[in-house]
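Below you will find the structure I want to go over with you.
Each chain gets a letter, A, B, C and D, in the order it is written, and its residues are counted from 1.
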């Protein structure tokens, strides 16, 4: 039985460490916040200019001046701080964020990441994704293992325009966990979802990988 | 010190608008946008604008108003996902578009205000963003050279300001506003509260008045919320 | 969030000092210097230091203490006028010195913390400062390329701080401290007042805690004044 | 009768305009603040991180956290603001300061300025001078007309190491006022101190100049 969205978020949450400063992308990565272990101190950065992002507000307590990078209303915490976009990306680009967890369209065996553009389709823009993958110390991708068409997303080489070159450290899909290590080592499958077989993963993965379960 | 206060947005912009000009507009999504100044620019009917802003508002608010009025010829942004009109205009060739990574956009604007014509960044190396740009290796790593951005006019929105033009922003409504205030040949600011000189904490002024040419207190602010997201009152944390 | 508070300067620096390391130290003249951390570094007897700081203190205070103890091998500064020992050491070849224009020094440090390996500036073009550096013309004007600066350790001094490492500086004691906090692999901060988390105004935190590894409340601060200049009580303004 | 220090400051103060943001160097330039015309609004910047510099404090009111770039104790004004050195020099380098008035060792006919270093002597450092002359919109030099040795300081070409190339707009000495215009036009003598003769100025000036009194 493959992992569901919440299982994938829980798996990605194993990458968290006490004291980490973390940027979470939109979608499944947002759910990772629900899996921070009790007693572990993790500070969430929002690239529109905030450290110490709190939970969504209670209804009626929304503040138009307080949103996350997905433009959702959020709250602050006692230790929160605000800063400009230039200061926020200085923080990101300068390597001060420990971990970025984000979605992807394709990840290649060499660590290349594509998640912003499909040629021929209307492009919405890369937002802060290129800065995050270029600047954050460790980049974890959480994505569906295949496209809706069935085409693999963990590939030998990205066919889509890149977001970053050799930037992915780890990939979590509903089938398993893959160490990519920015292409410095061969891709290694390190965990399998329950009842998922190695054959199924092999059949649905284009990139070559070693098995280290 | 000269009083930079103006009666309303139209007066603050008087004589500062011309066809074909480049305008920087602060805000992230609809958060921290100079809504009164945008409305006044729409009313002025100035056209052929190049607009530098992280986003382009929504169909009926923010910079979407200028888009709807056909006043924008070219956008420099990082993300424009929430605007249907934008897609139509772009696909029909009526709108030029330059995407910048958000951090590169922020830094290009800071550089424009700081007298730095160009800088190097890892962001975008090996991507379409780096095409046609100089790549250079420093200490074993490749970087792309990015140029500064400046504008004929920057419009920014702050929480509080005084007649000298000193500005303080509130929470994540700060975003691109402080850098844009430095990178326009002229900067016009709108604030929610115009306070007496001396009322702002001198240690905590985000934009010193030197950058601001005119300041106006907005009338009613709409401050629209784009993605109202809440958690159940009795439930557990959702984020 | 992890408590970054340490008992005293020695504990805050424990395990972070080694011979031959590069240290950035905040302050302008004797204003805003981390005086307790400097004293603790002197007491540690660490040596062969490269020190990046706008000035080098005076003979018996500030970084002058490390100079007097023979711990500094190389300085990167913009102005060292007020230090006789400095002149002696330099002229006798016991001290290496690299002068940077003050703004270039500040920007190189900011770049070091912001992931920008190099940038261009007009400052110093056609002077000794530009010798051996790349000169490049942008839009008809020459600029010199300057490289980022970073350090093994930065020591900064703030007015208030909390256990998360959030810092607020006071008046002109801010100076180089905020950029240096971002450009050290490790940053240790000393504050006059350690306050409870939540007591600092979130909109006005100059250095977010992410940059600070350890924080210590100094005991008595000397805060020496270098040029005590006053005007007569009954007289007219002198400046 | 040549101008004294205060006369020279008064002459330089004629360059001030209402609404100007101004940086004043150490020495005679500091005295310019005493000659701001009544009713004119001029904001003084101190490059160590302050806009709106006030007068020296009364005795007993000195604040160790409040000094100018010459490290003298100063005071703040109602509209003052503080910022970091990086932000201060972004302001200077970015061309936001209208006027810089500073001293010099030599000024050349082409606008070159030397004021930081004498080879063979202990060098104290350039501080913020190179940034100021490179970034500020208009640069006015106030200096003695000659060195103590009698050597001219307004020269054909600087023999001392430069602080900036083609940066000086105007020179005020005890003998007169010279438009240098960053070398874009010939040097022009536009004012003479009382009882100073053109012959005396010619004899004590190495740079060629036109007379436009």
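General remarks:
Definition applied: a residue touches a chain if its C-beta (ideal position, glycine included) is under 8 Å from a C-beta of that chain, and two chains touch if they have at least 3 such contacts.
Keep in mind that this is a model prediction, so the values were computed, not measured.
Between subunit B and subunit C, the least number of touching-chain steps is 1. Across the two candidate interfaces, B-D and C-D, the one carrying more C-beta contacts is C-D.
Subunit B and subunit D have Cα centroids separated by 36 Å.
Put simply, the C-alpha centre of subunit A and that of subunit B have 27 angstrom between them. Subunit A and subunit D have CA centres that are 54 Å apart. Within subunit D, the positions touching two or more other chains are listed as 76, 82-83, 89-90, 92-93, 135. Multi-chain contact residues of subunit B (touching two or more other chains) are listed as 107, 110, 114-116, 121-122, 169-171, 174, 202-203. Checking each pair of chains for touch leaves A-B, A-C, B-C, B-D, C-D. Per the touch definition, subunit C reaches subunit D in the complex via residues 28-32, 54, 77-82, 87, 90-91, 99, 101-107, 109-110, 121-129, 159, 169-179, 206, 223-233, 237-239. Within the complex formed with subunit D, the subunit B residues making contact are 1-2, 110, 112-116, 162, 164, 166, 182, 197-198, 200, 202-203, 205, 208-211. Taken together, the subunit D residues at the contact with subunit C in this complex read 30, 33-34, 46-50, 53-59, 61-74, 76, 82-86, 88-90, 92-93, 112, 117, 122-131, 134-135, 161-165. Of all the residues in subunit B, the ones that touch subunit C in their complex are 107, 111, 114-122, 136, 138-139, 141, 143, 147, 168-171, 174, 201-204.
In the complex of the two chains, the subunit A residues touching subunit C come out as 18-19, 21, 41, 43, 45, 51, 76, 78-83, 89-97, 135.
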